[in-house]
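Step one of this worksheet: look at the structure below.
We just call them A, B, C, D, E and F in the order they show up, numbering each chain from 1.
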Amino acid sequence: MYDHLTLISGRAHPKLSAEIAEYLGVTLATVDISDFPDSETHVKLNQNVRGRDVFLIQPTGPSANQNLMELLILVDTCMRASAERITAVIPYFGYARQDRKDKGRVPITAKLVANLLDTAGVDRVLTVDLHAAQIQGFFDLPVDHLYAAPILDNYFKSKQIPVDEMVIMSPDEGSIKRAMQHVENLGGSLAIVDKRRSSATDVRPANVIGGPIEGKCALIFDDMISTAGSIVGAATIARRLGAKKVFVGATHGVFAGPAVARLNEAPIDEIVVTDSLPCPVEGKIDRLKRVSIAPMVGEAIRRIHRNESVSFLFGDASRLD
Amino acid sequence: MYDHLTLISGRAHPKLSAEIAEYLGVTLATVDISDFPDSETHVKLNQNVRGRDVFLIQPTGPSANQNLMELLILVDTCMRASAERITAVIPYFGYARQDRKDKGRVPITAKLVANLLDTAGVDRVLTVDLHAAQIQGFFDLPVDHLYAAPILDNYFKSKQIPVDEMVIMSPDEGSIKRAMQHVENLGGSLAIVDKRRSSATDVRPANVIGGPIEGKCALIFDDMISTAGSIVGAATIARRLGAKKVFVGATHGVFAGPAVARLNEAPIDEIVVTDSLPCPVEGKIDRLKRVSIAPMVGEAIRRIHRNESVSFLFGDASRLD
Amino acid sequence: MYDHLTLISGRAHPKLSAEIAEYLGVTLATVDISDFPDSETHVKLNQNVRGRDVFLIQPTGPSANQNLMELLILVDTCMRASAERITAVIPYFGYARQDRKDKGRVPITAKLVANLLDTAGVDRVLTVDLHAAQIQGFFDLPVDHLYAAPILDNYFKSKQIPVDEMVIMSPDEGSIKRAMQHVENLGGSLAIVDKRRSSATDVRPANVIGGPIEGKCALIFDDMISTAGSIVGAATIARRLGAKKVFVGATHGVFAGPAVARLNEAPIDEIVVTDSLPCPVEGKIDRLKRVSIAPMVGEAIRRIHRNESVSFLFGDASRLD
Amino acid sequence: MYDHLTLISGRAHPKLSAEIAEYLGVTLATVDISDFPDSETHVKLNQNVRGRDVFLIQPTGPSANQNLMELLILVDTCMRASAERITAVIPYFGYARQDRKDKGRVPITAKLVANLLDTAGVDRVLTVDLHAAQIQGFFDLPVDHLYAAPILDNYFKSKQIPVDEMVIMSPDEGSIKRAMQHVENLGGSLAIVDKRRSSATDVRPANVIGGPIEGKCALIFDDMISTAGSIVGAATIARRLGAKKVFVGATHGVFAGPAVARLNEAPIDEIVVTDSLPCPVEGKIDRLKRVSIAPMVGEAIRRIHRNESVSFLFGDASRLD
Amino acid sequence: MYDHLTLISGRAHPKLSAEIAEYLGVTLATVDISDFPDSETHVKLNQNVRGRDVFLIQPTGPSANQNLMELLILVDTCMRASAERITAVIPYFGYARQDRKDKGRVPITAKLVANLLDTAGVDRVLTVDLHAAQIQGFFDLPVDHLYAAPILDNYFKSKQIPVDEMVIMSPDEGSIKRAMQHVENLGGSLAIVDKRRSSATDVRPANVIGGPIEGKCALIFDDMISTAGSIVGAATIARRLGAKKVFVGATHGVFAGPAVARLNEAPIDEIVVTDSLPCPVEGKIDRLKRVSIAPMVGEAIRRIHRNESVSFLFGDASRLD
Amino acid sequence: MYDHLTLISGRAHPKLSAEIAEYLGVTLATVDISDFPDSETHVKLNQNVRGRDVFLIQPTGPSANQNLMELLILVDTCMRASAERITAVIPYFGYARQDRKDKGRVPITAKLVANLLDTAGVDRVLTVDLHAAQIQGFFDLPVDHLYAAPILDNYFKSKQIPVDEMVIMSPDEGSIKRAMQHVENLGGSLAIVDKRRSSATDVRPANVIGGPIEGKCALIFDDMISTAGSIVGAATIARRLGAKKVFVGATHGVFAGPAVARLNEAPIDEIVVTDSLPCPVEGKIDRLKRVSIAPMVGEAIRRIHRNESVSFLFGDASRLD
């Protein structure tokens, strides 16, 4: 059935890799990956990949440099071992926020990363919810870009919140498009936190555009929760403005630095993220719910391997191919 | 003073090129560019560019394909004539809105264009107000990205509108960041037209987030005016909601298709654009004001040629280098 | 039979594409191509091309820049939609006459075009009667170069002109090799118009080398008819020198600028071209005969797709592979 | 005066290199080049080339593979020794006749050679009378293409042959353009040997187009004399047709295989070639005159090094830049 | 069985190619390769290679430049004739000793050669006993590196020399690793000739480290015998130190320059090399035994073509893949 | 004096950078480098590098992946900020031991690293004592390779050990060449530890080749001390064999994993390393002496910047250029 398919997991997120393999009904390839005492990463494949369609699964979340280099070394290994095609499956694409020069003399690290992957020998990329869709264009090879929004929305739909009691909040201006898409899918009204103006003065009710929030269930969406500053800020505002429930939804749960402390103290009823990244804080974040992208990623791999349309997977021919 | 500087103008916008040359106090190089009867573009440089620092000035607005190919042919000409360095000065970067795969089986033409320029032999790019800042990352060569917002803001400041009478409007969710930057610079409050919801039903007052607009001078900003649909929609809403004045500001005046008719019929008091593109409708758009980017672009060329910081030009070290 | 074959037509010559598809017994892929009001070209494929052997049919005749850019955008679309292999089928390769620096400070646009196609993602090229065979070498990928001469010769053979009444004329020194090949195939004698000397003085009988022409059927061959200057000049000379019939044969009928007027006024009995380009002047050129290259191109596509020898197609193993 | 100029000679033609150095008033760099007993070529530069403008002089005539590989190794040496710019000065560009696929399953070796030079690290090329001008386009770097025709013509002008006694002959159809250029420069009439038809039957007077030749001084021009078959054939025909003198002029004197015997037996009054190649047959070819390209190449190097126009060198701004 | 396999032999070693073809049970492709009188190499394939898995067999031993260029031209031919995959089978990789800059201003020709092969269009490389294993890394494509040591060892095992009578000698410090591997496989003790110190003074017994040699059978191993200086020096020392038998084993028998004379005069009982190179001295070297690598190379080709593990061929999964 | 020179230090070894800057009499550029809470590395240059000759100083020792990625991001930053030339100064080149496929299905990470640096935009490399000299060939750009041996030798010379009391030991077969070079420079005899045979059985005196060691000062040299296994093994053997003093010298002091414990327990009188890496164990290793490469690297930078020969720096024209 998957005649020449080989699935290889880096060390970044073996649990997700295992679930994807289980979805596909295949066994993960055995590969030795270790860090030598001098900190260098060593890789050894334990099975033949000549002429095979290899999928390397490795989100490049924390530790970003470590995970990225490990992925590049895996790619080099497979290229030199004569793999037919190498697809980098990157459920979380690190460095995505460094995607432009917003000020002088800074790098565009997301493009650098794309170039490094290309140089190492990647033939195609499969990723989920890029911070900016333009990052697809950083590659000159086919990129399949999956969207986790439907998975999050399905979860929230199961809560059966009446539409007129729901307000979708964007924690800043950069996430408005995302919030609008959730409004389209879930219904409800839209509210935007105007972070810029908040920084000038205290956090006052006036710094929310749209709404209203009073008496509503507030659903705050972002693509990722990193240090959780924006999200917690938005949740706090929502509560002050009288939201009766505050939910948070995000594709990528990075939970970096002060995130755990902030979230646990925040007036949030539930935090929902996918398993695009391993949970570095298992059990430490209260009210955390994780929904799985393994079936979606697995199905995309199946379709890519068989040259079938990936868009039909979502019943949404306009989104993907 | 500009020992090895050579300025060459394509046919897209000779007026702007002439003004830039005047700012710099240099003479434009003489070059023959013509279309043969079979539609092919022919180029012949009439002066030596060996070892010279060449700046090719060509916005790739309408006709986009024609102007882009002409630019590529000019680059090839200069490369083969042994220019030391070739900077493509592209005040308006065409195809910029095709910067991602928002649905399946579409191109990322903005990346294609970047690759074509690279292949032809461009060494660096100087451009103004890219539709998405990420397009800088489509290049693996230095890009100087200039911002025309201060030029527009200076013009509006000269109108001395009291801050509490001013509302900055974003015609859709894609321009909110831009609108916020104008709020920071000019003051005033913020309002956003929620285009998505407008399409579902009639254009009602409810589809504006933020404000208020009643009795205010509305300043609607966008990066470009193409068919003018969004802009005119926003202006109409502003007027309905009781704006006493409606101004429109945009960097790039494309004015395509129905734009002239729409703008002339719209309840707009003044439309302000830069001269990044030639005015294809000279005299046909009422209340049109054009402000010049020639000094800004000219000064950037001067600084690039002399290896001086471009950011200091704006008194804003955080923006550029 | 053509398991993974996908045929896509650009907008340059849909009639030829349809005939090639008919020859192959396949359906053209559905694709939306349009120019937006701002002149930018938009493409959307409406079917899955993952893992498929795609042939993009697009001659790059007038409007050369438009057709070329459209082809490049189609290539980018197919590459990003994961086509297995992309063959650019370019029955007329525009810019072919700009294939060298015949004077200082001019481009080599034919090479630029080859590089642009390579950069966009073309894997191989199929073309017909390049202006100079060396253009094959502008590519570092396989080029199948078809010759239309046999198709033209077959047509003239059907006229059953006695060999001793036939003179093959080259309209200038650049087409002598071509004329000689027709002499080999059709018989007859050879005559060359010495254009250089004609320009210095009036068109006198003395500027023809070879012949004789008196009382003969003159067959004037060139690779293309663009503005028709050379062809009409040669025809006029032939008639003055006493040719009893004057026929003109060319692979590519560009018919640019003054071509129609010139040809209609010229003493030519019949003009024969292939359908490598659409006829921009349908019905406007008298005595015009078009012969089809669709079966030849279609058969070449069939053989390329099936990895069969293309040279055997012509019973001429020495020409092609 | 030539602050950073370094001139290096391969072993192919040290005499020409010495003359070019003398023209420029510089000393050739010392470099050890030798073939080890196992046939491998070893190179060692004996002076610092960091930051220098290096010109490597090496025609790639016989032994073609040996001379080409030596040139490539020299380029690698200079690149790794941090030369600022490397210009390959190739007075005779070998493999130039393999510039297209004239039949199936053959290489385009001239393009391969261009790619090899590019890969090795050449920044620019200076060459003389390429077999086909399109070879310039095989490179994506600046090529300066010099013409030796004026040097040959000056020599023949010194013979003061009356124009009405002169006939310029092309030995085959491939050299007609070249012959016509000599006609333009020297005057005289034009005659073309129709080699194709000659091969079918004996060499008869009928296979010359143009003329007349009777009683004239015939000047036969070609770009190179390799095995001398065409040239000697043309000379024999000229004599049979009553030419009173027969001169032969060519840029490149390869003199391969049977050339010496053929030329010595042929009815030729004088053979004129340049010194683009070493004379492998010194003293063995009777009536051989060699004219030097050293001043022309030397002056071109001087101008390239100083970023001066090369075309002005010839008083012919239309030819070069 | 080998549906799309095509085996092509260059002119360097047709005998080995024939044996490999025989092992595989396939017929070598017919190809015309010749040197024209002007020394240029011409290639013409006589059969279709479209879509085929082509293996080009060509050791790049003497004449190194000639054989390398011929290989590059063959690659270009196959690429332009649309081969699916091109594997360069290089049983002896010439220029391998120029693999680093051991002094200033020298090339790294082995890297240059790798780049030239890549540029010409090679997809993968199959080679035997590279002088330095790091040369694999000079390529960015898959390299299968075979080891001939087991073939040599098997031959020596057949001599049934008692382990305690055997001493394995390394002729210099560069071959110690190789010697140690033979000790592991064959048993015996180890001795190293300290060449550096020998050069300063006479060849004295003191310049051997390890041993003892007295009364033993000395087996001297190196990767190649070029001018045979080291080997003969080691053999002479072994004999002086009382070795009762002296055998020499090497993968590559280059036998350059003074090698034949030296070997014939040396106190060596038998010289064993593989047939990775043709024997340029057939019958001229006394006591020469050649063992064949054809089965090993043939089997590797079979496995590469079928995407099977090459390492299992040797029962040594740790060596190859 | 250093008109356009800019020196930038990564975070790997600021002390060495400072010493190099001091040697050169220049100030290090100010740059912000930090790791964000999500582990991603952020860089911001605080001064203009347009048109400047930038040297980035960053050894890629532990943490190898972190330091390498930081270097790559710095390169991207400088490239996009329009540096004229970027030299990566890598005093310790990490991953150098992964320089070949010694077994199947492993990467060649050293080549991958070279490719990543090239892709990021490095123009040249300056490094010290590469594990294998062939790694220079992994780059297609100029590499200046410095040798620290003279610095170590000078230190040992200062101890004035009589030559006949000195034995230079190689801890394994891979370091014999290095040991021999020290013998050439310092005098003394040579001894080699045969590690392979030691692993089979206990560490017995028999596994040393050469010597004698009894009563001598043993100097054990290696290119690096990583986990210190080989070095400590050799030292132990030396002591058992009666060495009266045991010194250890190495260029790179990695001191990974068990190194500190092993070294402190080993019978070593003094350990000498350079400061190519920061000392991660400051004060924890007894008898550790560090000698500085800062003057050597600084002088090399000075000479590279000024296009002066680097080899003359060492009075050794045969080593470097």
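Note that in this section a residue touches a chain if its C-beta (ideal position, glycine included) is under 8 Å from a C-beta of that chain, and two chains touch if they have at least 3 such contacts.
It should be emphasised that the depicted structure is a prediction, and the values quoted were computed from it without experimental measurement.
A.B. asks: What's the overlap between the neighbours of subunit C and those of subunit F?
C.D. replies: Both subunit C and subunit F are touched by A, B, D, E, going by the contact rule given at the top.
A.B. asks: Hey, which pair has more contacts between C-betas, A-B or A-F?
C.D. replies: A-F
A.B. asks: Comparing residue numbers, which of A-B, A-C or B-C shares more than half of the contact pairs of C-E?
C.D. replies: The C-E interface is reproduced by A-C.
A.B. asks: Among the chains here, which has the CA centroid at the largest distance from subunit E's centroid?
C.D. replies: With centres defined by C-alpha atoms, farthest from subunit E sits B.
A.B. asks: Compare the CA centroid of subunit C with every other chain's and tell me the farthest one.
C.D. replies: Following the centroid criterion, the farthest chain would be F.
A.B. asks: Between subunit A and subunit E, tell me the centre distance in angstrom, where each centre is the average of that chain's C-alpha atoms.
C.D. replies: Those two chain centres are 51 Å apart.
A.B. asks: So how far apart, in whole Å, are subunit C and subunit D when each is placed at the average of its C-alpha atoms?
C.D. replies: Their C-alpha centroids are separated by 33 Å.
A.B. asks: Enumerate the residues of subunit A that touch no fewer than two other chains.
C.D. replies: 45, 48, 80-81, 101, 103-105, 108, 111, 115, 140, 143, 309, 321
A.B. asks: Can you identify all of the chain pairs that touch?
C.D. replies: In this structure, the chains touch in these pairs: A-B, A-C, A-E, A-F, B-C, B-D, B-F, C-D, C-E, D-E, D-F, E-F.
A.B. asks: Tell me, which parts of subunit D touch subunit F in their complex?
C.D. replies: It is residues 45, 48, 50-52, 79-82, 84, 121 of subunit D that touch subunit F.
A.B. asks: Under the stated contact criterion, what part of subunit C meets subunit D in this complex?
C.D. replies: 99-105, 108, 110-111, 115, 132-138, 140, 143, 145, 173-174, 176-177, 180, 183-184, 190-192, 194, 196, 209-210, 309-311, 317-321
A.B. asks: In the complex formed with subunit E, which residues of subunit C make contact?
C.D. replies: Contact set of subunit C toward subunit E: 124, 140-143, 304, 307-309, 321.
A.B. asks: So in the complex, which bits of subunit D are touching subunit E?
C.D. replies: 36-46, 48-49, 61-66, 68-70, 72-74, 76-77, 80-81, 94-95, 97-98, 101, 103-109, 111-112, 115-116, 118-120, 226-227, 254, 256-259
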